[in-house]
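Take a look at the structures below.
There are two complexes below, and they share subunit A, which is joined by subunit B in the first and by subunit C in the second.
For the complex of A and B:
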């Protein structure tokens, strides 16, 4: 089972990974803000942003294919939203600009999350005085998504080894019951995790 | 004045919300520095009993004095003090390890106690070194072996400098090497310990006294070797005479 599907490359050793988390966060945020307010006449800014991101990606030693796949995964959302622009005057231009700006923002975020271990992101949030409850919830989510995936894989394997029927209806039914079971198991785990947190002195 | 017991349980009863009785009139005491084993079949109430020892159960501490830690009944006011004194090791390390990295997890307890900065860092480093995992700070708990996860859990308790360690099945689901490692580690910790387990071999190695729990009641208590050698008693409560005792030479 692969547990690192979320941030496989965030612990590489590269000049980009070595930069302090706050600097990368600031750079990412600046780029996203700049993209958010970019006008069509600012096209040189888009070119500069693209160049910076390509350089960053290259320096980070993360395989380009991996970053592009991540980007493509999110691109449909961007394109669907941008399609709305086509009905406005000067639609083609707006559409292209919207896609470019969103894609560059996404690329910046993808690069940031894949060059910064999540623990450092959390530490940064804590230092930025993000409410500690929110940081705790994020930390728990990151910790337990892997446990949950393992649990789902175990359930799925057990089901596969006991399923003798090829009927699609039956297999859907078993998927549904698997999802139900996973939910029950997760909520039981949540209860146990909360107990353990309390036992370790956590104050709600 | 006689020395105050580290843990004193007097006539403790507990039923779950659905009415299932889990503990009935449980009484025993653990002196400071002692290591006591709690054994009994599945569903005997061992885990439920352990959860009472640092005030996780009952959900609102009643101050009834059924459980006393160093003489103090558990109340709402001293709950966090009690949880600092009594460290609980849970059965499933995945329930206990709740932070994204090992270092943060070990720091979780001390952070709740208000520690921070270099002192916190030093405690984490020392606790990890103590359990043989020096340099594991940045690792993700998910990528550790079960034995390593247990060690991280223990490091989390050691970092809080708990005076009493309450361990629920510390050796379950470990391979022999992992089990031996945990056993040696526990033997080297000077804290007062309570070990609930099915692993009777480690009870023989670690505990001077044993309490047998069945159906929520204490059915026997006494010196480890004498009690575990009582085959009839062991079999009656879903246990067995451990191998180490079978093969132990009379003049050893």
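For the complex of A and C:
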């Protein structure tokens, strides 16, 4: 199976990819925090942020279509949450501001995640004193997410090919038993992983 | 329920992140004392499992579909402290790999879905677990806890949005609670179904290493106690909390307060014919909760035939 749902472009060679992870994380966080406090009168800041992000995206050599598609995929959530603001006085303005702030933050996060390999993110978290247990769990997750998503896809394909049913109740049962099967398989895999880790000298 | 960036004020986001960080620190401390080394990879794989399980779609009417959130399932299978860490790992990967859920909002999302979701799910599960026996008791308790956990997480999310002045509390609180009372029902059914199917393959995995000695407590006093506790909780939740939020809003000088309260398009929850709105809201909350407890009980009866009981491990 192909696994480019994760990390597809995070290892390109570009000036943005070459920047140290902490710098990119700091820049992203600064932009997101600036957006959190932005007011309508700050529209020049929004324009500057947009320009910076477009420049970053262009320099990163990631296909623009890919980045835009990711943005569009997550944009509905933004719009739905933002409609809540329409009930406030001055709703139209608030709605526009929320969508702008949120979209720019989202774009910054998408650029960060697609220019920084997750291994570097983990190293950064470790240096930021995130508990080692959590970092270990994250590292294991990153290692096995491909395996489990594959396993889940296999289970769903097998179910679809032998138990086609339009009855919702029956399909809930069979999807749930797939999930149950997946948990049992993951816990059995965890046993094997533990043995293998110990054999390689791992200490908790 | 993943809040994107831009909707939470800086204070709310930082405050929520601080609470999450403290709870995670405490969970890690506890796990370091109790966790066996072989459970470390299990936590990693369990986090991956929750992530993958969230991708499985359950068809709902009209071509839409829902999916598992998993906090209660993780709490039942691994215990609440490990579940908090597992859910946080899932949220971190969703945020830092898929940009699903904001970066600044990560602390708030962690507070809602990982901390409140797992601790409330795990806590309520343990509380209700005593009412039943064997697998049927487990399934009943897990279904009820799953519903509560989704509802409480949604409430926390609504409170954060209201505190950030993104939406008026009188609108966002009933809206989020109403929608998630239905979503929680789906979560309850999925959690119950998954637990039953795990128990069918590896019964010892269900129960998270808890002692399997079951005292059969009478259902009536236990249920009454629970209803009373929830009545006490329900009143401030549904009724006085918006006022509290407005108080906070005035204190911190947020504008537009008066208009927002006057023009709220949704009427408050209320039981007709009862004078005090506080009492009425509390009663509505208790009625809904008791109804869900009944639904969970039926679910347990439906899914676990009476002959099949959880084998107690020696």
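By definition in this document, the second predicted complex is superposed on the first by the 166 of 204 C-alpha atoms of A that agree within 3 Å, B and C clash if a C-alpha of one lies under 4 Å from a C-alpha of the other, contacts with A are read in each partner's own complex, and residues count from 1 in each chain.
We adopt the following convention: a contact is a pair of C-beta atoms (placed from the backbone, for glycine too) under 8 Å apart; a residue touches a chain by one contact, two chains touch by 3 or more.
Small disclaimer: the values here were computed from a predicted structure and weren't measured.
> Of the two partner chains, subunit B (first) and subunit C (second), which one does A:200 touch, if any: first, second, both, or neither?
first
> Once the shared chain is lined up, is A:12 touching subunit B (first), subunit C (second), both, or neither of them?
Neither subunit B nor subunit C is touched by A:12.
> Now for A:117: first (subunit B), second (subunit C), both, or neither, which partner does it touch?
first
> Which partner does A:109 contact after superposing on A: first (subunit B), second (subunit C), both, neither?
The second partner, subunit C, only.
> Quick one: classify A:140 as touching subunit B (first), subunit C (second), both or neither.
It touches subunit B and subunit C both.
> Check the residue A:27 against both partner chains and state whether it touches subunit B (first), subunit C (second), both, or neither.
Neither partner.
> With both structures placed on chain A, which of the two partners, subunit B or subunit C, ends up touching more residues of subunit A?
The partner making contact with more of subunit A's residues is C.
> Touching A:52, do we find subunit B (first), subunit C (second), both, or neither?
Touch status of A:52: no partner.
> Mind working out whether A:189 is in touch with subunit B, subunit C, both or neither, as first, second, both or neither?
Both partners, subunit B and subunit C.
> Kindly list the residues of subunit A that each of subunit B and subunit C touches, one partner per complex.
Overlap of subunit B and subunit C footprints on subunit A: residues 118, 139-140, 142-144, 147, 189, 193, 197-198, 203.
> Contact residues on subunit A for subunit B in the complex?
The contact residues of subunit A facing subunit B are 3, 11, 117-119, 122, 139-140, 142-144, 146-147, 189, 192-193, 195-203.
> Per the contact definition, I'd like the list of subunit C residues that touch subunit A in the complex.
2-10, 13, 24-25, 28, 31-32, 35, 37-38, 40-49, 51-53, 55-61, 68, 77, 85-86, 88-90, 92-93, 95-100, 102-104, 161, 166-168, 171-172, 175, 189-190, 193-198, 200-202, 205, 256, 259-260, 263, 265
> Could you list, by residue number, the parts of subunit A that touch subunit C in their complex?
6-7, 28-29, 32-33, 35-37, 70, 74, 77-78, 81-82, 84-85, 87-90, 98, 101-106, 109-110, 112-113, 118, 121, 131, 133-134, 136-145, 147-149, 151-152, 156, 168, 171-173, 175-184, 186-187, 189-191, 193-194, 197-198, 203-204
> Would you pull the subunit B residues touching subunit A in the complex into a rising list?
The touching residues are 51, 54, 56, 80, 83-84, 88, 90, 92, 94-101, 104, 108-109, 112-113, 138, 140-143, 156, 160.
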